[in-house]
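A short worksheet on the structure shown next.
Letters A, B, C and D mark the chains in the order given here, with residues in each chain numbered from 1 onward.
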Amino acid sequence: MSPIFFYLSFWFDFNRINVLVILGLFFAFVFYFINQAKKGKSLFVRRISGLDAIEEAVGRATEMGKPILYISGIEDMDNLQTVASMIILGNVTEMVARYDVPLLVPICRPFVVPVAEEAVKQGYIKAGKPDAYDKNNIRYISDEQFAYTAGVNGIMLRERPAANLMFGSFFAESLIMAETGFSTGAIQVAGTANIHQLPFFVVACDYTIIGEELFATSAYLSKEPKLLGSLKGSDLAKFLIMIILILGALLETFGITEFSSWFFVR
Amino acid sequence: MDLGTIIWNTVALFLTLCIFSFLYKDNPFYKFAEHLVVGVSAGYFAIILYFNGFLPKVWEPVTQRGEWWYLLPTILGMMTWARFSKKWSWISRFAIAFYMGIAVGVAIPLEMQQRVIKQLHATMLPVHFTNIQGVWNLLIMLGVLCGLIYFFFSMGHKGVVGGAARLGIWILMIGFGAGFGLTVMGRISLLADRITEIHNWYLMVTKALWGF
Amino acid sequence: MRRQLPIIIVFVSGAFMAIQYFIPHDAGVFFYEYGLDWIIVIGIFAMLLGIWSLFKVQLDKVVKRSPGWGYSVVALGGLFFMLIGGPLWGIEEGTPFMKVFWYIYTPIQATMFSLLAFYIASAAYRAFRARTVLATILLLTAMVIMLRLIPLGPISGPNQKLATWILMVPSMAANRAILIGIGLGIVATCLKIILGIERAYMGRD
Amino acid sequence: MNFYERLMNLDRRWVYLVVGIAVIIPVLNPFRVPVYVTQEVKAIYDCVESLEPGDILFLAIDYDPQAMAEVHPMAKAIMRQCFAKDVKLIISALSQNGPGMAEQLISELSKEFGKKSGIDYCYLGYKPYFSIVILGMGQNFRIPFPTDYYGVPLDSLPMMRGVQNYDDVKVVIDISSGNITDYWIIYGNGRYNVKLAVGVTGVMTANYYPYLASGQIFGLMGGLKGASEYEVLSKQGDRAIKMMSIQTTAHIVIILFIVAGNIGYFMSRKKKIK
């Protein structure tokens, strides 16, 4: 072992070089397309029908004069699904602000409260209606999963929202909420990256945002070029992954295991 | 069997039935139990957080072990209280910024490793037609490829891509159906547990009242 | 300072935590654990925001005598019983604090959880109709998996084999595709947050 | 509304009622249901059955008490089968909250069969960092466990004399509710070539079929279903089988509802087309 390598190994974990290389490539893709977007290149995004449905749901709530319920999952801000949910909340608020319907946001974790407040406030400001923001509609309910569920059920039954939007990290409560929401006749759009709960949203909600679509939602709704650019970067990464997969399987078939074992993470 | 235990268990039974009554429709009993559990659980969590969070993570390091650096997150934590004032609420953003920065920074390499690279490695398997596992490996790989194509955002689902994406969503649906079917068992067990609890209460009370 | 500083903080702390992952050094481990402690500690203090929000909403209802204000009294009662009772009696087993936990809180949350047995049945009844191709696939797969638990005589064997195959091949492929997508989505979102491209969650004024 | 439309649009409360009844009856009167035995469970049974008196089986009890309902019957049935055949057991408990529960099970069954610690079985207990423990035991059981759970040095236990590592046990069966199983597969089987079978919770089951296919494990028991199959084979206990009666009736009811909904859907559509 050369002395330089020996010295470096104190400061860099060579077992993880595969993670570093892949992250580096991914970042490069994303940067490249964000730059393209900044230059004004128009970027195409396919339709995500579940997200178009949000607009429809908001419209229906306005006709009926009923509130909209936004549920951001039961995990704290260190979960990236909650973060994505807060960003979507901002976009949804902008949409809601154009009409005059209240937006109810029951919350499960205290630290999400200030973030949700900022997101909603910004949404109203962006839509040019800062006065419509009502802090009291963002309510902490309980840290406990099923106490929170009981509270949300109560809101669904008593305030009768016309639309229930559920985006974030959900667990067993997903089906309880979705079934209660169905019984009140609300339009329901749900999205999560928790694979174990996706079946229940697919079964009980009108539209479901599946996995990665949750993280693409903010780009889709805001149509902001920089965000769309990063979406394109992700797509290129997926394409590369597909090629790696095919190559890896072929080499493996012919007994060459060095390639696939490079991807083994210790 | 003392009276206290019987009373407490009867309270538990009553609340259990309150929640079950919700299956019929919303009613005052459910509302009562709902509000009770919301209040109690919030209080419970606050107290537990004090004893199991504040004391070992803030109080003891700073006052007993002299680890003064734990004062830094403490100050940030207190910054969130700035939200009580309209004028100073922007201060809480520093706390949010630190919190988000740390959470996001930890997630970047870990998510790439745990979700992407690990799954990638697991899918690179020999594909061939000499035994059945080779064929299954091939099918798994094709399934993963089609599933990934479904998640392409910058291409319309048309032509070959459209066909593959369509196959992809079919495979996702098989996954969801299987997930649903597998979960039923666990949910039924939960209900069985509750019914067993009610039955135990019945046995306990009959024993206390009539001695059998 | 109000606008730029938070963005800089996110970038610096995020980049730092991402880089430590690659450092095998003890210092890296220390900062990793310390960083996670920061999150916990900040979260502890935020609890006050939550309690205040709950208190205010419920108190408002009582003061204004809105419909159902009596229930808000129940919620406030439960809240203060625990907040005062915890420090007063301690949190050891046998105290009134823990009695409430075991005999009020636990049965309610366990029963809420068990409602799922009913909901999973009603959702299956309502949604598993062979209306479209997708719905039919969903329905058939769920059926095959559920039928494993029912004695069907000679059909049991093949059904069991089919169920195992579904779990091993297509269902596995589906989960992997979703996981890879989610991983990329999360990393991309993280990148956008660290770079300050996505910052709606922090306010803009 | 005609009959078929009604069949399609039943009020959800009827569904709730029937499901409730379908669970209450077997909870109060559990009965035995016929269980279809799969090859992957039978392989484990056959392997244990083929052991001679005096052979050693390593049973890893690596689950938390929360998972007891599903996997405890597996551990129980295997242990009883071994004791009945005079097969000796080395038992470890590598999940943090598991050692007390494992101890309870061992003392209950050893009393029933009149077995003695150190002669008929050896309970090693718990040590943190299970991956290192599993690797360490490949060298020698005495590296992670100089003494057994009760503090007796391994060397002074009669049955451990001459027993060094995995080479001296016939088979390892890991029963687990977490990712400890992965390490048994990677280190136990991968590194030390132990003959390995696993029992896991229902939700984990699907993840381990690939290992079965690749031969890294020779048997697999999944959840309550797997446990009930093992009980049927070994004729040791019927707790899981009885629990299965609840599952069976509930599943039948749910499937009947789905079928009824579809009959209603198709028949009423047929009428409309006419």
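Note that a residue touches a chain if its C-beta (ideal position, glycine included) is under 8 Å from a C-beta of that chain, and two chains touch if they have at least 3 such contacts.
None of these values were measured; they are calculated from a predicted model.
Asker: Could you work out which chain's C-alpha centre is the most distant one from the centre of chain B?
Answerer: D
Asker: Once every inter-chain C-beta contact is counted, which two chains account for the most?
Answerer: Most contacting pair of chains: B-C.
Asker: How many angstrom between the C-alpha centroids of chain D and chain B?
Answerer: The mean C-alpha positions of chain B and chain D differ by 25 Å.
Asker: On a C-alpha centroid basis, what's the spacing between chain C and chain D, in Å?
Answerer: Computed from C-alpha means, the inter-chain centre distance equals 28 Å.
Asker: What whole-Å value do you get for the distance between chain A and chain C if each is reduced to the mean of its CA atoms?
Answerer: 13
Asker: When the C-alpha atoms of chain A and chain B are each averaged to a single point, how far apart are the two points in Å?
Answerer: One centre to the other, that is 16 Å.
Asker: Provide the list of chain B residues touching at least two other chains, using ranges where the numbers run on.
Answerer: 19, 22-23, 31, 33-35, 37-38, 40-42, 44-45, 80, 83, 93, 96, 99-100, 102-104, 106-109, 111-112, 116, 120, 123, 136, 141, 144-145, 148, 151, 172-173, 175-180, 182-185, 188, 191
Asker: Can you list every residue of chain A that touches 2 or more other chains, as numbers and ranges?
Answerer: As it turns out, chain A has residues touching two or more other chains at 16, 19, 23, 26, 78, 80, 83, 111, 114-115, 118, 140-144, 146-147, 150, 158, 195-196, 198-200, 202-203, 210-212, 216, 231, 234, 238, 241.
Asker: If a residue has to touch 2 or more other chains to count, which residues of chain C qualify?
Answerer: 21-22, 39, 42-43, 46-51, 54, 68, 105, 108-109, 112-113, 115-118, 120, 122, 124, 126, 128, 138-139, 143, 146, 149, 167-168, 171-172, 175, 178-182, 184, 186-187, 190-191, 193, 201-203, 205
Asker: Quick one: which bits of chain C touch chain B in the complex? Just the residue numbers, please.
Answerer: Per the touch definition, chain C meets chain B at residues 2, 5-7, 9-18, 21-22, 32, 34-52, 54, 58, 68, 71-72, 74-83, 86-87, 91, 97, 99-118, 120, 124, 133-134, 137-146, 149, 165-184, 186-187, 190-191, 193-194, 201-203, 205.
Asker: If we count contacts the way the header does, which residues on chain B are in touch with chain D in the complex?
Answerer: Where chain B meets chain D, its residues are 23-24, 133, 136, 178, 182-186, 188-189, 191-192, 195-196, 199.
Asker: For the complex, which residues does chain B have touching chain C?
Answerer: 8-9, 11-13, 15-16, 18-20, 22-23, 31-51, 53-54, 57-58, 69-70, 72-74, 76-78, 80-81, 83-84, 90, 93-112, 114-116, 119-120, 122-123, 136, 139-148, 150-151, 168-185, 187-188, 190-191, 193-194, 197
Asker: Show which residues of chain D lie in contact with chain C when the two form their complex.
Answerer: For this pair, the touching residues of chain D are 8, 10, 12, 15-16, 19-20, 23, 33-36, 38, 205-206, 209-210, 213, 225, 244, 247-248, 250-255, 257-258, 260-262, 265-266.
Asker: Help me check something: in the complex, which residues belonging to chain A touch chain B?
Answerer: 16, 18-19, 22-23, 26, 43-46, 48, 77-80, 83, 111, 114-115, 117-118, 140-144, 146-147, 150-151, 153-154, 157-158, 195-196, 198-200, 202-203, 210-213, 216, 220, 231-232, 234-235, 238, 241-242, 244-246, 248-250, 252-253, 259-260, 263-265
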